[in-house]
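All chains are identified by letter, namely A, B, C, D, E and F, in their written order; residue positions are counted from 1 within each chain.
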Amino acid sequence: MSTEKRPDALINAEGLRFDGRRPDELRPIQMEVGVLKSADGSASIRQGKTYILAAVYGPRELHPRHLTLNDRAYLRCVYRMATFSVSDRKRPAPSRREREISMVIANALEPALFLEDFPKAVVDVFIQVIQADGGTRCAAINAASLALADAGIPMRSLVPAVAVGKADGTLIVDLGDEEDKYGEGDIPLAVLPKTGEITLLQQDGSFTREELLEAVQLGVNACKYLHELQKDALKRAYAKRTPEDDDEDDEDDEDFEDDLETDLGESDLMEDE
Amino acid sequence: MGDFSAEVISHIDRNYIADLLKRGDRVDGRKFDEYRQLEIEPNPVAAKAEGSAIVRLGGTSVVAGVKVLTGEPYPDTPDEGVVMITAELAPIASPLFEIGPPKEDAIELARVVDRGVRESETVDVKNLCIEEGRKVYMVFADVYPLEYDGNLIDASSIAVNAALLTTRFPEMKLEDNELVETGKMLELPLSNMAIEHTVSKIADHVVIDPILKEEIVQSCRLTMAIDKNDKFTAIQKGGGAGPISIELIEQAMDMALSQTKEIRGLITDTVKEAGV
Amino acid sequence: MSTEKRPDALINAEGLRFDGRRPDELRPIQMEVGVLKSADGSASIRQGKTYILAAVYGPRELHPRHLTLNDRAYLRCVYRMATFSVSDRKRPAPSRREREISMVIANALEPALFLEDFPKAVVDVFIQVIQADGGTRCAAINAASLALADAGIPMRSLVPAVAVGKADGTLIVDLGDEEDKYGEGDIPLAVLPKTGEITLLQQDGSFTREELLEAVQLGVNACKYLHELQKDALKRAYAKRTPEDDDEDDEDDEDFEDDLETDLGESDLMEDE
Amino acid sequence: MGDFSAEVISHIDRNYIADLLKRGDRVDGRKFDEYRQLEIEPNPVAAKAEGSAIVRLGGTSVVAGVKVLTGEPYPDTPDEGVVMITAELAPIASPLFEIGPPKEDAIELARVVDRGVRESETVDVKNLCIEEGRKVYMVFADVYPLEYDGNLIDASSIAVNAALLTTRFPEMKLEDNELVETGKMLELPLSNMAIEHTVSKIADHVVIDPILKEEIVQSCRLTMAIDKNDKFTAIQKGGGAGPISIELIEQAMDMALSQTKEIRGLITDTVKEAGV
Amino acid sequence: MSTEKRPDALINAEGLRFDGRRPDELRPIQMEVGVLKSADGSASIRQGKTYILAAVYGPRELHPRHLTLNDRAYLRCVYRMATFSVSDRKRPAPSRREREISMVIANALEPALFLEDFPKAVVDVFIQVIQADGGTRCAAINAASLALADAGIPMRSLVPAVAVGKADGTLIVDLGDEEDKYGEGDIPLAVLPKTGEITLLQQDGSFTREELLEAVQLGVNACKYLHELQKDALKRAYAKRTPEDDDEDDEDDEDFEDDLETDLGESDLMEDE
Amino acid sequence: MGDFSAEVISHIDRNYIADLLKRGDRVDGRKFDEYRQLEIEPNPVAAKAEGSAIVRLGGTSVVAGVKVLTGEPYPDTPDEGVVMITAELAPIASPLFEIGPPKEDAIELARVVDRGVRESETVDVKNLCIEEGRKVYMVFADVYPLEYDGNLIDASSIAVNAALLTTRFPEMKLEDNELVETGKMLELPLSNMAIEHTVSKIADHVVIDPILKEEIVQSCRLTMAIDKNDKFTAIQKGGGAGPISIELIEQAMDMALSQTKEIRGLITDTVKEAGV
């Protein structure tokens, strides 16, 4: 029972967007680490009205066996949207779109992980979209890399991601639903902050060569800011965990904290290079 | 759901939990007829769903969302709308939930929660008719577990009830064979708000709102849906093949009856306070 | 092309039901053991117009292996309705309802079996509903426990089952189709005769606490009668098998008879307690 | 269907059965062109199905049921009703039938029995039209094997024919765009009643109505549908990859022709006697 | 968007068919061997407007393992029609018809193969119908047996196949689409040229005993001619392969040529018997 | 698609191919920005498909076919026709493609080719409307790989474009609620003919139109759809999880831009010459 209508203009006379943002302005973003007790690691992200949870289980034994990799852990991502997360009810069975997005998310995260530390194991990343208001695959990557850090999976760095688009001829960052739907294109991308390399890149719509390159640069810049937000979220979670909270899982948590410190240190370092 | 992981727990745990119960204690310190702390977050999916709720019951949490669509009625009930509840054991909630098509446990969760709502006629489907034989409202309530520490059924039942209570949708009418909005927003016609209460049988004891450790060692469970008039509207024995005596069934029923008003009140109050 | 209509009253002025039965009266019931030659054990039941066949295979090796239980046999039930067994044509693929009923039937039967005698094996119970006229899950349990006995699976006792319901405010036993459809509720239950414990319990409709407890008691009483019918059916089958009939499977049949005698003895004993 | 269990039987059995045949004997004492005892129980599902039959062919038995529904015709045959035959290798009938989605053998059973009925135009679909282009009768005949000791195809074909013959359903007409009953009961428009006959090739011999032991060692089988005018309306070579000579095909055809009248007669008489 | 109509007559006053053929005349047939580089063996056939490709892979290891046969290779055939190969768009998922035809094709080919030379292995035959204009299962067998020879699978002989039918009361060979659709019956068959035995036989329509036997004989005669065409195709392919073409796969090709010669020799011999 | 067989190639091959690239050489002797020989056979399925093409790109070949059907438009786009592209990794093309339901690689192939066509609005769906809200043309283009030696995406994209260009179908109109042919034959309303170009990243190099050996050792690939105005209409990074720098992305874009006109020209010319 969606009653959405195309807005008259996506960019107004003052050069501001539909929702009042500047072209390169992100939506309000809240990230929180360790939100699900059942998981080995977890995180939530609210980006505008988009709301996503990510859980990590592993490294653990892989079933079915024939998927086992001898030289590294298998990174298995499952991206799922709740039926009620979109305007029309999504059918409950996983769609081909969800399966494809699961794959590109795995590719976006994998270069940041030391999967070779866990041959034959699996690391499971489960992503549940609670509310979808544009940019879900990028928000999912933002949350999933926090969940991986929370699970203590050894990482080169966190992976920030954002979508760049075009509306009324202007390049804009972090599309909302209407901008995605009625704009002229969408370029989701994810970045390794340390090297500036791209780990996710897709595009639709219509862009010239120069627009594309400019859009990618805009995205990389936005990802630097997102990376700071990610590190803040991780530090907040780290600060909250005092020794008093740990009762039975002492040893595991030691390990976890070690990894976390390393990761935070490493990711700080990266930005200096 | 409980039984699928029976092999992961040792006999030691089983005996430990049973011995505690014999002394009147539960493994997490609760009384036999005491629910864990219940938190309800109304309308977390306000931008896309017509109604929604996140429910936390101790270490278990679920999100429920409601979509209201329009469609044609079934031929044999031309003046009734349609209500459908689904639930899925999404792997995000537990390392125990495998990826893949719905297993027996998932099917049971969905069917038990659905039955709790439908057998109880929580939603008055006669009031979901737009035009007899042609167009009716179709209400889909879907539940996703987020954290699993036992008793998904009650958490889901509470979440569905809360989500239905927060639901607002545009009134439609048929004009020249086309559905158009009247401009008015409607609430769902909720009649009796049955809530499901689950009791585990462990050794010779029954305890309400079991945590995962209790589910794993339980002999069976009894889920009872009770409406606002203290009528039982659905029962399901499940969660294991253990038999249960009539005396314990009676105890379980009384436990559920003793808790139902408070939980129903908490749902109603929370949604009302949120001013949805 | 069903043309059923709701009867004017389910209970008439004389307190009798739609089909002339008293409230606590069962429909005519015929049970027969050993009706399918391919199976290790089998039974049929006709309860009113409900007509069901049950076959047992096993104990035998279990495929797929990962379902194997180390301390007992796996009891696998499959309850299936023929497409033509109901007023509207049922779709051929197994429904979620059929899968759930398969599960509750397994739970209802399991406490009566010594499955620990056959670790790692499977005992298969296949149930085919030929005609459904109410009470199929209970009738299926009645037949399946006879088929298990016929297969020589060691049992604590047979398991009788019946549905209790409510029509025009009166509690009634062994619902027919119309009483199930137009009545005010349905409580299928199964009982271990030895201990009076309940192994199946479901309910829909609307019942007060007192009505429920009374209904369960009515059901338990009806199950005592059903248990007698089950034992009679088993004895008839036992009587029919003379040594002359046994040609090649001699040894197996010895075993079977031993089990059968024990079971009959045991179940007689139970009632005395 | 025979080939799936080829590995369970030893070479000794294979040779034993072949040697017997060389001497003119079958393993169960029948003649090469002799059917096992055939029993037909008409209308065992009288309360729910429009037509039905249980057929016992020696140690093999099946139940067939018919439902008559109404629906829209296919666009390219607006004046024809629809006939659909399905069959399933339900696990109840044999330890050899696995649980799960339809395997090749199950698909072949359904397709061969369906072809025997449809290619033979056993049901005259032109006479199943209620109103051209709008509403027709749809006839579903579904077969479930109950006991499996070989030759499911013939047992199923006989059961479908018998079930179709017992079928009675209310006549419908279109009034103001709605289907209403006229009050009259109809029989199905059956034209030529083709029956399927299956012959196994074992070594250099052909035998009709094979039992399971014969199917397991057979080289292949030939199923032939023959109508009341002795016309062949469908043939299927299956049940193994063994080749067959033209001479043996001719023998198989003559065996089938020699049996078809008696079996057709038994079906018709049994249904008539039952006074359905 | 098919606009086919039934022709006025399938056999005209001169006794010729719809497309000018005599009753026993085959359509123009082109067979080519070795058309797909990825496969171990391959062939194409154009028979009238029917156009089919066949590829053979193997003998190779079989997955899943539980299908393994201990005494011979498993012959796995997959017959698939392109969605656009027929007048109405075929649905992409494999139909029951395609699965049944896959099975009868496997049965038709198997007696010609020495599968016992490769216990526990699999030989895969993949058949893709590009355009279907009648007689696809027979054309598929013609092509598949060439592809098997091309792959060097040891064979007793090639397997020719053809459909015989009836139109306006006359028996006709190698039906086109309209003759299949509007004729009075269809009898696809495949033959072992060496012994004249039948390895595929199906029938629909309506035939007397005598018509059937005559039809089978017509088919067997047509298969003799088809067998010559098959051998020619194989010889052409053999002639094209000069030692200069073989660079790295020398040894394999030796084997292949040996087999091929034997096969060609054998099949020549057969006709003389 | 490349990554699924990463384990079959040894480190020696990986290093060998990378070393060659460092010296400016590709394993098959081509230049980094050079396509393999491209052959297009227009309309090989002339009797049954409304349009078709077989494309050979070196050792890779695919067949694409187009069916034009009629149907009802989607409710939210009542004046637009429907275009659907599917692709399947049929086992005929490679020992690497398993039999069974669509795997991730197959889904990606179909989605990437589909996106190349749809995001590029290659077919103008507004011109596929017969009568608004009631009947539209539905265009299905389906691709089957026949030989697989790398770069199925580009071969498929070229084949779909060629097949769409050869498509002819009868014009339909609504008369008294029935679709009838007007007798006129139509071409598809093709607007901008975007072509997909795939570039592999291996070590620090990018090469266009990778063969299988290159795909197996690639770090990732970039597929870019470019329309006749040199606008990028779709991009997909896939084929492995390797990261890629902005500089290499720019190189890849320029490689694709340098090839797109020639390939588009070859498609158009071949179809024109064939006089379809």
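Criterion: contacts are C-beta pairs under 8 Å (C-beta built on N, C-alpha and C of every residue); 3 or more make two chains touch, one makes a residue touch a chain.
If you're wondering where the values come from, they're calculated on a predicted model, not measured in any experiment.
Asker: Provide the labels of all chains in contact with chain D and in contact with chain F.
Answerer: E
Asker: Common contacts of chain B and chain E?
Answerer: none
Asker: Taking each chain's centre as the mean of its CA atoms, which one is farthest from the centre of chain D?
Answerer: Chain A.
Asker: Can you work out the whole-Å distance between the CA centroids of chain E and chain F?
Answerer: Distance between chain centres, rounded to whole Å: 31 Å.
Asker: Can you compute the centre-to-centre distance for chain A and chain F, using the mean CA position of each chain? Integer Å is fine.
Answerer: 29
Asker: Measure off the straight-line distance from the CA centroid of chain A to the CA centroid of chain E, and report it in whole Å.
Answerer: 53
Asker: Counting only Cα atoms for the centres, state how far chain A is from chain D in Å.
Answerer: 59
Asker: On chain D, where are the residues touching two or more other chains?
Answerer: Expected reply: no residues.
Asker: Which residues of chain C are in contact with two or more other chains?
Answerer: Residue numbers touching two or more other chains: none in chain C.
Asker: Make each chain a node and each touching pair an edge, then name the shape: line, ring, star, complete, other.
Answerer: ring
Asker: What sequence of chains forms the ring when you start at chain A and head for chain F?
Answerer: So, from chain A then chain F onward, the ring reads A, F, E, D, C, B.
Asker: Which chain E residues qualify as touching chain F in the complex?
Answerer: 1, 3, 36-39, 49, 51, 53-55, 57, 60, 63, 78, 80, 82-87, 89, 92, 124, 126-128, 130-133
Asker: Along chain D, where are the residues that touch chain C in the complex?
Answerer: 44-45, 47-50, 52, 59, 61, 63, 65-70, 86, 88, 90-95, 98-99, 140, 142, 144, 146-149, 169-170, 172, 181
Asker: Give the list of chain B residues in touch with chain C in this complex.
Answerer: 7, 102, 104, 107-108, 110-111, 115, 119-120, 220, 222, 227, 230-238, 240-246, 249-250, 253-254, 257
Asker: What residues on chain C touch chain B, complex-wise?
Answerer: 69-70, 96-97, 99-100, 103-104, 106-108, 110-111, 187, 192, 195-209, 212-213, 216-217, 220
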